[in-house]
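Take this structure, written in structure tokens, and hold onto it; I'll ask about it next.
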Amino acid sequence: MAAQRLDFIAPREVAWVEIEEPALQADEVRLSTLYSGISAGTQLTAYRGVNPFVQKQFNGESRLFEPREHSESSLYPVRGCWGYEEVGVVTELGSGVKGVKEGDVVYGTWGHKSAHTVSADFAHDHKLPEGVDPLAGIYSQMGAIALNAILDADIHIGETVAVFGQGVPGQLVAQLARLNGADVIAIDLDDYRLGFSQKLGAAHTINSRQTDDVSKRIKELTGGKGADVAIEISGAAGALHEAIRCLAYNGRVVTAGFYQGGAKDLYLGEEFHHNRISLIGSQISGINPQLTHRWDRLRMERTIMELARAGRLKLTDLVTHQVAFEQADAAYRMLDTNAEPVLQVVIKF
Amino acid sequence: MAAQRLDFIAPREVAWVEIEEPALQADEVRLSTLYSGISAGTQLTAYRGVNPFVQKQFNGESRLFEPREHSESSLYPVRGCWGYEEVGVVTELGSGVKGVKEGDVVYGTWGHKSAHTVSADFAHDHKLPEGVDPLAGIYSQMGAIALNAILDADIHIGETVAVFGQGVPGQLVAQLARLNGADVIAIDLDDYRLGFSQKLGAAHTINSRQTDDVSKRIKELTGGKGADVAIEISGAAGALHEAIRCLAYNGRVVTAGFYQGGAKDLYLGEEFHHNRISLIGSQISGINPQLTHRWDRLRMERTIMELARAGRLKLTDLVTHQVAFEQADAAYRMLDTNAEPVLQVVIKF
Amino acid sequence: MAAQRLDFIAPREVAWVEIEEPALQADEVRLSTLYSGISAGTQLTAYRGVNPFVQKQFNGESRLFEPREHSESSLYPVRGCWGYEEVGVVTELGSGVKGVKEGDVVYGTWGHKSAHTVSADFAHDHKLPEGVDPLAGIYSQMGAIALNAILDADIHIGETVAVFGQGVPGQLVAQLARLNGADVIAIDLDDYRLGFSQKLGAAHTINSRQTDDVSKRIKELTGGKGADVAIEISGAAGALHEAIRCLAYNGRVVTAGFYQGGAKDLYLGEEFHHNRISLIGSQISGINPQLTHRWDRLRMERTIMELARAGRLKLTDLVTHQVAFEQADAAYRMLDTNAEPVLQVVIKF
Amino acid sequence: MAAQRLDFIAPREVAWVEIEEPALQADEVRLSTLYSGISAGTQLTAYRGVNPFVQKQFNGESRLFEPREHSESSLYPVRGCWGYEEVGVVTELGSGVKGVKEGDVVYGTWGHKSAHTVSADFAHDHKLPEGVDPLAGIYSQMGAIALNAILDADIHIGETVAVFGQGVPGQLVAQLARLNGADVIAIDLDDYRLGFSQKLGAAHTINSRQTDDVSKRIKELTGGKGADVAIEISGAAGALHEAIRCLAYNGRVVTAGFYQGGAKDLYLGEEFHHNRISLIGSQISGINPQLTHRWDRLRMERTIMELARAGRLKLTDLVTHQVAFEQADAAYRMLDTNAEPVLQVVIKF
């Protein structure tokens, strides 16, 4: 079966490619993509060619980053543009499939392409609950990333959590922190984003561009103590420095952002050293080992979708732009140049 | 100033004693007690004479329990019956008092007596927030005990928490666990109590008398994994054994109950040994040291009252009986003999 | 190939059975057993018929203990007597084996039988280091159990660790605690065992039968603070109670013993409740999840053998009795009746 | 009583000042300084004027660093040159002093000055154990800093610990890590220092200037897994990056260095993000709260001196230069310009 896929073929260049989906096996189902979200963070780094993976490569065995021999040539083309926010509808069933039917909506990560093939088991496990808008299904992985940061934060009812970065991941983190019992202080340098934070339940918002000393402000809001926990998900070293500063003594920063380059705006000789702060590198593939007997990726994704179903987590509210698959290049240009206020862009098939 | 106090003078014997409150100092305020709750757990052990402190005494310096020379004689009279659920109204101000005024409602722990004297600082710190029913003020300490158990539980949004014991402390724990993001399974041997659990937000209730294998049932309710966390607050060793059994591998039991005697119903060679379970002794005077730079007793009490003010924590719903101070002895007899279904008895002054 | 195996065929009854070892595969090697140790703890419970597994059975899927239908009949015969302290010499190589040669000494767990067959990979991984007495090889599993308790204890240089139980497992734990930087206080009710403790490096020994208040004594030895960590490996609930009592505030007991029956000598309402003690159920198959990316069973076993090789861990010093395979029944009777002072009995083939 | 003190009066300028020690109180003792060590780390930053405290000041109440109004003028003079490695002998007793006598040797921190006055209680608590060379007494605080890093490292017998930075603090950390059961890999860019590391027990040394990929080398030395724990005490961001890289998955870096400026050589998007690394800011005034009921500053200092007494910790071996008080300025110049190989310079009174 023929399908369409969007690739990055060079920095700031996209292309539509016709591909052939493999023949359907007895235990597989075919999905027709409904929506595919653009992750403004990770994907843009590949679009721009500044991702660490462009200059270096991660050696999965030694778990070390190593110099990449021929840097650019080996990155491009980026097939499917590293898209990981997909949702589709079942259009065809393998001969032996049970427990899944045509019309079921399935979430997952398969890049920007118009059709996809998965095992029936996968489809069964990742079926969108009844009553959830299919658009919400794009957030299975991003929701899990946000939830993983929350698992690392050990939030207690009545605590104050400072969330740095209010793009889509930060919006999800902030909502989940609130559902986990916290009062949330949302920090960003963009009032447009902070408007969403406020609407979606943050107790306080702080525009870091318009505030002299963000941490001083946070200490004022917390009776002088500082935040109980900070979650840094903007990926900016300067924001990480502020996340460290704003904490109560012996506090923890969950660092869930994806930092580019050296951390020149991070001053470790100051509050980090004097206030006994700890940092934990929180990343989706690394669930806290203490929790691995109860939590796994699938439980995270299902928890996100179940919270959406119950109306407690607002997912579709985050989508500000929907564009047709054919106009995806314009969407990337717009994101790259910050041409207009934006939170989530979704490609519609 | 004369005041009335209720004492235990021997096992199962109460007496009303007239005492003299000291002269009011410049920086003190006088409270007239409004309500004083009876804690069915701790207080009844003293009423019945089976409290560990009756046979042994805690040496505060060595922190060891040691044999008590003359056991009963040194316990009784128990002044104020170990009451610790009080709330009163300010009736008189010392000459130098600022920041507190007549009519302010103040919560604290001063035993079953009609009047009490506190520093103005204490009154200021423990003022009941505007809009909270004074009756809710009896729960400052019990609420803090429950919240301390929650601080020890590290609950994450989407987790299932099993709460063993649905007397007043368990009801508070269950509500707080839910506010901390959990689905709560409430366990008790009494349907009357479980009715409250259900009404106040438990996702599931289990009557342990009517259920063959409570932990098997909990595993069914959690997709086979077991509860993420268990909180044991009944004080029964058999319930603790079940709290251990019901957990997912590597799980934690927060033991907040006050256990009497040897733990003969606790079988440590079974699930405890095989499933890598941990227990933590959670008690109000022992906040998790990792949290002591941000949490203290006062913050706990204020958090409880603030949650009550916001309508999120239901406190007065737990009060099933109000009795006049003069009829307090009948209330103790009723509790001692389980004469009627009861959750919280409050003495009204 | 014919081999001899020792079985429990009923409570307190052993039998020698001739078995047939399977034909040797290309990638396997044949071992001729040199020594097989008798674990006085676990094995004696099966010999006596009091093991929890006799009355109940562990359901590996639900991880719950459940009633056993036909208790005794389903336990016996206990093949190989649950022996798990074996060491043998390679006598025959499969046709494709590389990296292992005849005469290599291999440690493992295969019950009391005269010969055993393992994969060449296993033999390669579990080869005894050069220069180690083959007798030491019986301690691969017991050493790993002891080391796992040490991994759970997080001992810091200069700390005092109280080890309850000075049978073989306790002797290993005590030595490892010392190598991990601790001053060790060894507690047992038997002076014969405590003599070994003293000789093998304990800073202090306490005979709990001859001491009024063990924990008071431990507090005296630690400047009033109490032990930093306690490791309970006797399996007696009364010892666990003392392990809890002897600790500094907020201390941890690593419970590595195998407790039989209800814990009637454990008083949880006392120091456990008042001193914020935590317990962790430490068992060989349950490594602390935080460590599982670096520690596994094989690393534990190799660490034990490497410490023996370096002369830091004394293993063969623990062996007090060697008996011929044919006289094994007398050894069990002696252990069962405490007929003479004993630490480790080894069956010699 | 007149005494001599050394001050920094401007960047790279020292001066000798005559001061007056206060009259001796009944419960005090007078010390005549024997030795005062120069801490090449912290003190040199003040000597050079690059310490964070020069540009900013730490607000003890908000625990935030804030801009300093008049930077240099408010730092200088630095009285006693921030010296914190002192040891002296008791020369005079207040009239009511018991438990201390003339000739007792007392360690502590009082800056580079010839005499000092302390309470008899302090002198009693900080008396150097019999048999320890007084020169070793300079290491009470530095030893405690090193020990605090070890308390944060939770080292288990058989683990490999990588220590970055082999100046005096790193030498102490490396020795303590070994006493805590670890195999130590010592890393520095100076062979002179690494010579000490090797002599004092490191299992491996790595010169980071002469090694292509330090972490790759560490992975080779640890069977591919990586170090179990890393302790960074050089204060260089690049070394911190390497400390992160060299760890096994889910590992922890104890950061005990004092970092100057922005961390431009720290790449948080790489191994930190992908390998779930955590960092803890370890500083002497911040003992792990979990340990504060058993460990305090005094216990740390006594542990260091007791380990020295037992011959397990080598302290005086670290002293490479002793200079007369009058020649201290030359010593600072030598250190500032790296004029010759040096580990520890001590001022002799």
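The chains carry the letters A, B, C and D, assigned in the order they are written, with residues numbered from 1 in each.
Note that a contact is a pair of C-beta atoms (placed from the backbone, for glycine too) under 8 Å apart; a residue touches a chain by one contact, two chains touch by 3 or more.
Chain identities (UniProt): A, B, C, D = Threonine dehydrogenase-like Zn-dependent dehydrogenase.
Predicted model, so just to flag it, every value in this text is computed and none were measured.
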| item | value |
| --- | --- |
| Over-half contact-pair match to A-D, picked out of the listed pairs B-C, C-D or A-B | B-C |
| Centre-of-Cα separation between chain C and chain B, whole angstrom | 42 |
| Whole-Å separation of chain centres (CA-atom averages), chain A against chain B | 42 |
| Inter-chain centre distance, chain A versus chain C - centres from mean C-alpha coordinates, in Å | 47 |
| Where chain D touches two or more other chains at once, by residue number | 226, 249-250, 289-290, 293 |
| Pairwise touch network: line, ring, star, complete, or other | complete |
| Interface residues, chain A side, partner chain D - complex | 52, 56, 58, 61-65, 213, 215-216, 219, 224, 226, 235, 237, 240, 245, 249-250, 255, 258-283, 285-286, 289 |
| List of chain C residues in touch with chain D within their complex | 147, 150-151, 154-159, 176, 179-181, 225-226, 228, 248-251, 290-291, 293-294, 299, 303, 306-307 |
| Chain A-touching residues of chain C, taken from the complex the two chains share | 289-290, 292-293 |
